[in-house]
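Labels run A, B, C and D following the written order; every chain starts at residue 1.
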Amino acid sequence: MPLVCLTDFEVQAREQLSKTSWDFINGGADEGITREDNIAAFKKIRLRPRYLRDVSEVDTRTTILGEEISAPIGISPTGFHTIACPDGEMSTARAAQAAGVCYITSTFASCSFEDIVAAAPGGLRWFQLYVQSDQQLNKQLVQRVESLGFKALVVTVDAPVVGNRRHDIRNGLDLKRNLMLTDLRSPGERNSIPSLQTSAPSPYFSWNDLSWFQSLTRLPIILKGILTKEDAELAVKHNVQGIVVSNHGGRQLDEVPSSIDALTEVVTAVNGKLEVYLDGGVRTGNDVLKALALGAKCVFLGRPILWGLACKGEHGVRDVLNILKNELHTSMALTGCRSIAEINRNLIQFSRL
Amino acid sequence: MPLVCLTDFEVQAREQLSKTSWDFINGGADEGITREDNIAAFKKIRLRPRYLRDVSEVDTRTTILGEEISAPIGISPTGFHTIACPDGEMSTARAAQAAGVCYITSTFASCSFEDIVAAAPGGLRWFQLYVQSDQQLNKQLVQRVESLGFKALVVTVDAPVVGNRRHDIRNGLDLKRNLMLTDLRSPGERNSIPSLQTSAPSPYFSWNDLSWFQSLTRLPIILKGILTKEDAELAVKHNVQGIVVSNHGGRQLDEVPSSIDALTEVVTAVNGKLEVYLDGGVRTGNDVLKALALGAKCVFLGRPILWGLACKGEHGVRDVLNILKNELHTSMALTGCRSIAEINRNLIQFSRL
Amino acid sequence: MPLVCLTDFEVQAREQLSKTSWDFINGGADEGITREDNIAAFKKIRLRPRYLRDVSEVDTRTTILGEEISAPIGISPTGFHTIACPDGEMSTARAAQAAGVCYITSTFASCSFEDIVAAAPGGLRWFQLYVQSDQQLNKQLVQRVESLGFKALVVTVDAPVVGNRRHDIRNGLDLKRNLMLTDLRSPGERNSIPSLQTSAPSPYFSWNDLSWFQSLTRLPIILKGILTKEDAELAVKHNVQGIVVSNHGGRQLDEVPSSIDALTEVVTAVNGKLEVYLDGGVRTGNDVLKALALGAKCVFLGRPILWGLACKGEHGVRDVLNILKNELHTSMALTGCRSIAEINRNLIQFSRL
Amino acid sequence: MPLVCLTDFEVQAREQLSKTSWDFINGGADEGITREDNIAAFKKIRLRPRYLRDVSEVDTRTTILGEEISAPIGISPTGFHTIACPDGEMSTARAAQAAGVCYITSTFASCSFEDIVAAAPGGLRWFQLYVQSDQQLNKQLVQRVESLGFKALVVTVDAPVVGNRRHDIRNGLDLKRNLMLTDLRSPGERNSIPSLQTSAPSPYFSWNDLSWFQSLTRLPIILKGILTKEDAELAVKHNVQGIVVSNHGGRQLDEVPSSIDALTEVVTAVNGKLEVYLDGGVRTGNDVLKALALGAKCVFLGRPILWGLACKGEHGVRDVLNILKNELHTSMALTGCRSIAEINRNLIQFSRL
């Protein structure tokens, strides 16, 4: 069957993966309510199209933290890409470079950061950090990725403890004890998590610790997982450079707001003082357009990238990114937006149904 | 089984048509959300009936752009009627004439415009134009239909690029490249699209080009596909004669508002300065009544006409139109409306459920 | 299976009746939306119970137009009871008398009015009139029922033409031509409709004709089918004694408001100047309580009476009425209402779900 | 299958119990609407998480009426625990003591109160009283439980008559006549209800009778079943010490508000003058957090305790309580709440979906 949209990849990926791997990728925390809200909330928003504009030229290029990207679409950090295909994060990195988008590499990458960089030396990459309880380890990680050319530090804030993922417990995956069980390893994996010397994220990490990180590196710092105006205001106050509005794909605390519902609150609070991104629930070009119209500078994709990897490796990720870029192009043309700058709040109408 | 309502025709048409043809007719863009909203939004509206009026005489006649029609119901432009029955648009034209309603003939008719006119010389017809990139072709088309007696030019504005119809891509129909694939042709078709010398709609067409069309023809111009107050105000400013509130049956940009939801915004914006029509989701006499109560002068039907053609050819279209007219007659009697002029906003209550 | 609630009777009645009879009783107009809303709208309302009141004595008695009834529950007019059981309306009349409630007898009763009266001479009865185009026939009917001891004239206003009941058309029942087809007759029926000399309801009947009826009889006049404040105000102005808020069980115009949704608008408009009743969707004691809390003086039941007849004849109707009375008794005790007078608007909260 | 959440226990308990016992435990009154609302209403509430707080120490301890408990979770009164496991309430008492939570023992316990106390002498227990029509019996019951060390009297106010539970009637359980039918008794039960000398709850009991109870005992009095601000204000005026916002698990009057919907109204009305608790619909740690954020001091569980008993006896109840405590711990950590005192209204956002 041809893969014509991102959910086609979802269906096929499910067939390719073991149940344990599928559940690990697909599942949410507790009852999976936020995981489903992420999708459903986008579907409640209607677009107000403007016509009779010359849309013979539509340009999807934009920038994030000053770097040009081919479209306001990127790759959110997810761990253990070798679950989905043998080359793991190296494939992901190559596809991201080819598509001209940013790839946020996870602390829990299953390839070494050096291999990932070597696979796609020209790509734009940010590094996602799970802050470790061991400060020395934090320092080593940050300096290592800075020297490897990663352009920003994306600090995850929504995982001081691991969320309650019922399916993983049922499948015998105890993420609180052992982050890389045999079942999640593909035969061809080249790196093992222990070599990363990481452990569970630190529950101690707080606003006061941010300045230590800022003293440690010249990389811009982005906080991933902020969902409230209160935390957004604190982020501005602590001089970070960006926020990813995210609920960790519904995998940490269930029943928090969907990403797109939380976006407006955060965008309003930061009032342009830093860049706001979003992940969670983006599946179509319309979703990208809606997030941008509500104030996001760029959106990031988690599970769809793993679907692409599982279906066709590097080429699958390229297909996923290209489908989404093409859909965004069509959505912009059909709403009368010729450039990213023309996308604004007037495009949005909340559904009356 | 007797065909007692429009959805009975839908069920039977599905059985008559090949999967590819059915999908082409039935499908919407992307996830089909707007396509479903078109129906669902009508069902959210309640009617406030008035009783104890003498309704022994109920008159459904009205006018559009000064021409009398037997009821505020017409035929929206859809392409390639030979998919549904051998005589294609000639059957449609005969049925429209018999029913005393307006038939908006599509640029992508599969019969020649001359044959359509000859089949039902006394019928009221408007011509739907997909503006072509080649201005000479536009000029030829407009002058040809004006000389054939079409009474208005209905310019589609919501298709500067073709919408993303997943089902057609899966079925191998690539509308961006080849608008008339073999699979869509019936054995008996008499005209082929290439003879029309049309190509894909123009992405360049903009408000500034309208005056050129106005200089080219004395036909009134109607813009089809307007969904916002901003564009409605521009339509007034550019001196067009009418607007069809439409989302192209949910086939162009998904997740735009349903037609009936967008109607009020457009009606309010034009403030009586031009006529407003609607297509999308009309399936019952109550739907017609609701659209008129909210300010439409006439509604138009797309898919139900093709269902009628597929089930019983010309007679099927006549049945579809007559069922709808009878239902409207009953709905008017049971709400106390003896003429189209008595239909107004007081009939409407939005559902509390 | 024991029949413990009204919907148990529905399930069993469906098994007892032919498809044509079941569809005739059960069906609504067009898409059946209002028919379903009648039930669903009650389910959206929440009750605010008050406790720690002495509810050892709960009295459900009340009056309608000055006549005492055992509970604010009665029988709405429905035609052709011999469809459901051989003794038809005679069984209904006996059950109503035994339960101490009012029975509104239909113009289209399948037993003669004389037989109905003879079957239960002590019962409270009102007569439902479909106004006939022949004034002489109206006069005969009104004077006949007045002399037979009927206590009020319930004039149906929502049927100037017959609603569009798709199932009846599919089943070959053409109510517009022949109101009593063979298929609807039970073998043992004793009276035939032609002997009633009635024909289709009059589409001419209007507010101006009311005074002629008022001059003809001393019976109080109740208008059945009013759904709007405008018509309620006209009813007050024309000096009628009551209104039944009703949508004809969803059998006339589809997509009008549910009865319970329309009730508040009508109650507010009449401002105590006449009694307001309700039919449509009442299935539980809670439903009765809600209607009274929102201003109804009494509710009437249509389909559930026919279910009772179909299941167990006269005893079935008695069971239906007794179940509902017992449920109302429990609902009153559990909300702290010891008498009908204590039921008021404070009991009501619209659902937040 | 591992039992990882409370609903896993529900599924397994259903397999363990006879249909009659399951229906008795599981069922609600009438149509079961409030029973379902109790669950659904929690799911409509979203949590606003705060991050970057040091959550290395999360303390779930709190107090109710001055007594420390390990978490704001307790056991609601339900009758006849020997239905679910042979040791009945003795198992429940042992599990509650082990978990450090309060166990509200029911008037209809199937073990003697003396045996229950002996089974877990160190546990915190309150006594639930169905007020009896015989005042002497009330006096004996109250003095007996006070001397046995129960710390509060939880007076049920929402059962002056028994609710209408269709399933029990269908199953032949007539609670109005015989509260302990053979089918509900397990072979090993040691006490029978008649020895308790209780009968049906009193319909006479009213606000005026409260002072008699207050003169009879020094135990604090808690009213269970209050759902309105009016009754909450009367509770304050009558000097009771607590309110359990409850709808009896949807088993008394159907279509009253869900517990969590009624909570805010009651909390606002009492304005801190007494403690407010909640039962009904609590199934996850998030539910506990939401109830506390909206003003509850503690929540209580009904059916889940019986599921635990049915699955694994005492150990099942311990598992149920521990799962919920662990989930609450995670939910607090992931919203930034390090103590019960830090839980407040700012955590709450009502769903926009």
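Heads up, the rule we're going with is that contacts are C-beta pairs under 8 Å (C-beta built on N, C-alpha and C of every residue); 3 or more make two chains touch, one makes a residue touch a chain.
Because the structure is a prediction, the values reported are computed rather than measured.
Novice: Suppose you hop from chain B to any chain it touches, then on again the same way; how many hops at least until you reach chain D?
Specialist: Minimum step count, chain B to chain D: 2.
Novice: Compare the two sides of the chain B and chain C interface and say whether they are made mostly of the same residue numbers, over half shared, or of different ones.
Specialist: Different-residue interface.
Novice: Where the centre means the average of the CA atoms, what chain is farthest from chain B?
Specialist: Farthest by centroid: D.
Novice: Can you tell me the C-alpha superposition angle of chain A onto chain D, nearest 5°?
Specialist: About 90 degrees of rotation relates the two copies.
Novice: Between chain A and chain B, tell me the centre distance in angstrom, where each centre is the average of that chain's C-alpha atoms.
Specialist: Taking the mean C-alpha position of each chain, the two centres sit 42 Å apart.
Novice: Approximately how many whole Å separate the CA-defined centres of chain A and chain C?
Specialist: Roughly 60 Å, centre to centre.
Novice: Return the residues of chain A touching two or more other chains; collapse runs of consecutive numbers into ranges.
Specialist: none
Novice: Which chain D residues qualify as touching chain C in the complex?
Specialist: For this pair, the touching residues of chain D are 30-31, 33, 37, 40-41, 44, 157-158, 160-161, 163-164, 166, 169-170, 203-207, 210, 223, 225-228, 230-231, 234, 252-258, 261.
Novice: Sort out for me which residues of chain D touch chain A in the complex.
Specialist: Contacts found on chain D: 1-2, 4-5, 43, 45-56, 284-286, 326-327, 330-331, 333-335, 346, 349, 351-353.
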